[in-house]
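By written order: A, B, C and D. Residues from 1 in each chain.
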Amino acid sequence: MTAPRELIVKRVARFLKDGDVVNLGIGMPTLVANYVPEDVHIVLHSENGFLGLGPNPKPGEEDPQVINAGGQLVTILPGGCCFDSAMSFGIIRGGHVNVSVLGALEVDEEGNLANWMVPGKLVPGMGGAMDLVAGAKTVIVAMEHTTKNGEPKILKKCRLPLTAAKEVNIIVTELGVMEVTPEGLVLKELAPGVTVDEIQSKTEAKLIIPEVIGSME
Amino acid sequence: MTAPRELIVKRVARFLKDGDVVNLGIGMPTLVANYVPEDVHIVLHSENGFLGLGPNPKPGEEDPQVINAGGQLVTILPGGCCFDSAMSFGIIRGGHVNVSVLGALEVDEEGNLANWMVPGKLVPGMGGAMDLVAGAKTVIVAMEHTTKNGEPKILKKCRLPLTAAKEVNIIVTELGVMEVTPEGLVLKELAPGVTVDEIQSKTEAKLIIPEVIGSME
Amino acid sequence: MKGWFRLKKVVSREEALSHIKEGQTIMIGGFLAVGTPETLVDGIIEKRIGNLTVINNDTAFVDKGTGKLVVNRLIKKFIGSHIGTNPETGKQMHAGELEVELIPQGTLAERIRSAGVGFGGFLTPTGLGTVVEKGKQKIEINGKTYLLELPLRADVALLKAAKADESGNLIYYRAARNFNPLMAMAADLVIVEADEIVPKGSLDPDEIVTPGIFVDMIVKG
Amino acid sequence: MKGWFRLKKVVSREEALSHIKEGQTIMIGGFLAVGTPETLVDGIIEKRIGNLTVINNDTAFVDKGTGKLVVNRLIKKFIGSHIGTNPETGKQMHAGELEVELIPQGTLAERIRSAGVGFGGFLTPTGLGTVVEKGKQKIEINGKTYLLELPLRADVALLKAAKADESGNLIYYRAARNFNPLMAMAADLVIVEADEIVPKGSLDPDEIVTPGIFVDMIVKG
């Protein structure tokens, strides 16, 4: 069986279309780049100031001034270009990023997202996340379905401070794919071997179950 | 005796200080560049997109893509740089231009300026003038004191549509130099041979006459 | 077509022109025709695509730049900062044949940028106390008054670049840059006329002014 | 010192540092220390110029970039978008020893640009429905709601450039550009640490990113 994270990022990769400008968040979303189909050419946007984000450099070819937003050493592909932070976020806010993929601490049935702080505990700051979620045309949350303790992360209403209100479009977890609609969360696909009852039992929000549910693989 | 226009632009040139970033309007103000003292290094800003505006090119060295805001073929001096129109007017609006020198159809004792249209007759458009007058730190109006028919152009209150309200600091004509103050127009200097009575008789606004009046030359 | 595609962005002039339609709002780069894609403008005239709303800094000259569209009566409405160099524009305007909306040049630049970067608008001191105020919200910030100016978008942008690479990255030359990089961000369809087209990867990432993701089509100028 | 002078802009590190004062508001370029002028930051630490308000995207790391100023307790207030990579920042913040103001990164960039280009503010959708709304005016434009964000200025900006010419024109390298060109416009005193200083006129006018008129002093990095 495929590892949960691999299942998630592989499915997210299949949402990307030829020509898409894509921003991948720190952590698991970064891995999506490894699974983009060969005939789909996307441009990765690195919000610290360039387009054409490429893979990690080969040993000996590292350039300390070419990092991604997570601080990892990366490369810039042929055709890439550099700019200042106003242009970088102009690209985001202006709707020029087709897809933003981010992790979440909580997401809810209205498409609200919380992923930037836990009051009194963890206050890393929002970095570029608030702009990305407000600005990108399609926002995909890629995360494990529950917390380490098995608590639901897909809620009726987020309890943590929000990153953005009503901006999430799609949620991909190791259990399935959900779409945010005005009526609520529609279960679009189930992972192999997962039942409707199982995913609902691990989800606080009430899932809308359509007549036909796809398979996630 | 010096020609009126030469007298005006020579005096304006002496207002410029070492290190100033200066924008010279179309027409007479352009000539100011020819009279800047040798030990005063200024940078000329061309609002169509560069700094380091230089003199007209030598025959055979013209570059059709290097023009000033008036459409004349010019040069870019060593140390000059090019940018887009947002940066160009960011430089203006952001207060990075020390002195803007413009002509006027009318100017008044409150520092209001009209130089962009005559309703029903002449509607060239404001171009960059409204930004320049609102944004530059010091606005100098350089013009002949009266119209061709001898009518005053320095008024109690402008009658033509304004370019900007209360932004003019200094008025230089062939008769004298006036400063806009909260109390009104103060006569700072008189051209050689011009009396207080003469300049007042050709000015609609009431001039404030200080104890000491300088000589314009 | 904004991103990087399997398909080529470099197209024929004919192909590019086929996407411009009667009645559209079109941004055209250039200041007194320097930085205006003349080949594309000529194509609009040949095909007689009319009833256009044109956004350009100025209407240049009767025989150059956007001015040619005025002379050919293909413009219904002109939005820009200056029309004084083209007597035909004023004539049509006074005859009620051409609507002209004049905007201070810096405000025009930032209204276009605002559309490109997703602002709802911006606050500027330019135009305060003038006719430019008309119909606009005034907002006071720390005792200073500003006008609220709104974004300006177009259906199509026609740009001129000195160099384009095959992925649409652009470099400009001297005073020909002007409004081009701003308009590149603010239209649904962006067509570039480039003096030179170079292979992807042949421009240094640091020298590129307009990222290729804004550009849909490139035509050799 | 902003324009072109008879006097030289290229100064010693000692001379540049002598203009930075206790208690000032200082913008520092860089994203996770890439694009941060480390030599100038080290100078502040050597001279123990404290009680500073520092504006930077992030507090980088304990041994790199603005993070070193945090560790040396020279910062009274930090304004930026992210502090997660430097545990010392969070520790001082939770102990009430360091005030932290968090701003979305795109909003931070445009607030600095706004100060540079003379806006009274701008309207952004970023932060709507979040704590970022707090105390801010909401403005509705064509049925969409935006937050009004205000300009952000500093007394001093400390920047890092790859190349500077003697008149202060700057070029950046790769991801080291980030906030540097924006901060160059938004401070009373702008000091640049350049990897390389070249004669006036040796940079092509089209490749320059930051015009020299914004720059007061250049130090060899």
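Here, a residue touches a chain if its C-beta (ideal position, glycine included) is under 8 Å from a C-beta of that chain, and two chains touch if they have at least 3 such contacts.
None of these values were measured; they are calculated from a predicted model.
*Asks:* Smallest number of touch links from chain B to reach chain C?
*Replies:* Shortest path length, in steps: 1.
*Asks:* Centroid from C-alpha atoms only, then distance chain A to chain C, rounded to Å. What do you get?
*Replies:* Distance between chain centres: 34 Å.
*Asks:* Could you please state the distance in Å, as a whole number, between where the Cα atoms of chain C are centred and where those of chain D are centred?
*Replies:* Chain C and chain D have C-alpha centres separated by 32 Å.
*Asks:* Can you check how far apart chain A and chain D are, centre to centre, with Cα atoms defining each centre and the answer in Å?
*Replies:* That gives a centre separation of 29 Å.
*Asks:* Which residues of chain D are in contact with two or more other chains?
*Replies:* Within chain D, residues 110, 113, 117-119, 124-125, 172-174, 177, 205-206 contact more than one other chain.
*Asks:* Which chain A residues touch at least two other chains?
*Replies:* 50, 76, 82-83, 86, 89-90, 92-93, 135
*Asks:* Could you list each pair of chains that touch one another?
*Replies:* After working through each pair, the chains in contact turn out to be A-C, A-D, B-C, B-D, C-D.
*Asks:* Which positions of chain D touch chain C when the two form their complex?
*Replies:* Interface residues on the chain D side: 110, 114, 117-125, 137, 139, 141, 144, 146, 148, 150, 171-174, 177, 205-207.
*Asks:* Using the touch rule from the top, collect the residues of chain A that touch chain C in their complex.
*Replies:* 18-21, 39, 41-43, 50-52, 76-83, 86-87, 89-96, 98, 135
*Asks:* What does chain D use to touch chain A in their complex?
*Replies:* Going through chain D, the ones touching chain A are 31-32, 34-35, 57-58, 80-85, 90, 93, 100, 102, 104-110, 112-113, 124-132, 172-182, 209.
*Asks:* Under the stated contact criterion, what part of chain C meets chain A in this complex?
*Replies:* 1-6, 113, 115-119, 165-167, 169, 185, 200-201, 203, 205-206, 208, 211-214
*Asks:* Give the list of chain A residues in touch with chain D in this complex.
*Replies:* Against chain D, the touching part of chain A is residues 46-50, 63-67, 69, 71, 76, 82-86, 88-90, 92-93, 112, 123-131, 134-135, 161-166.
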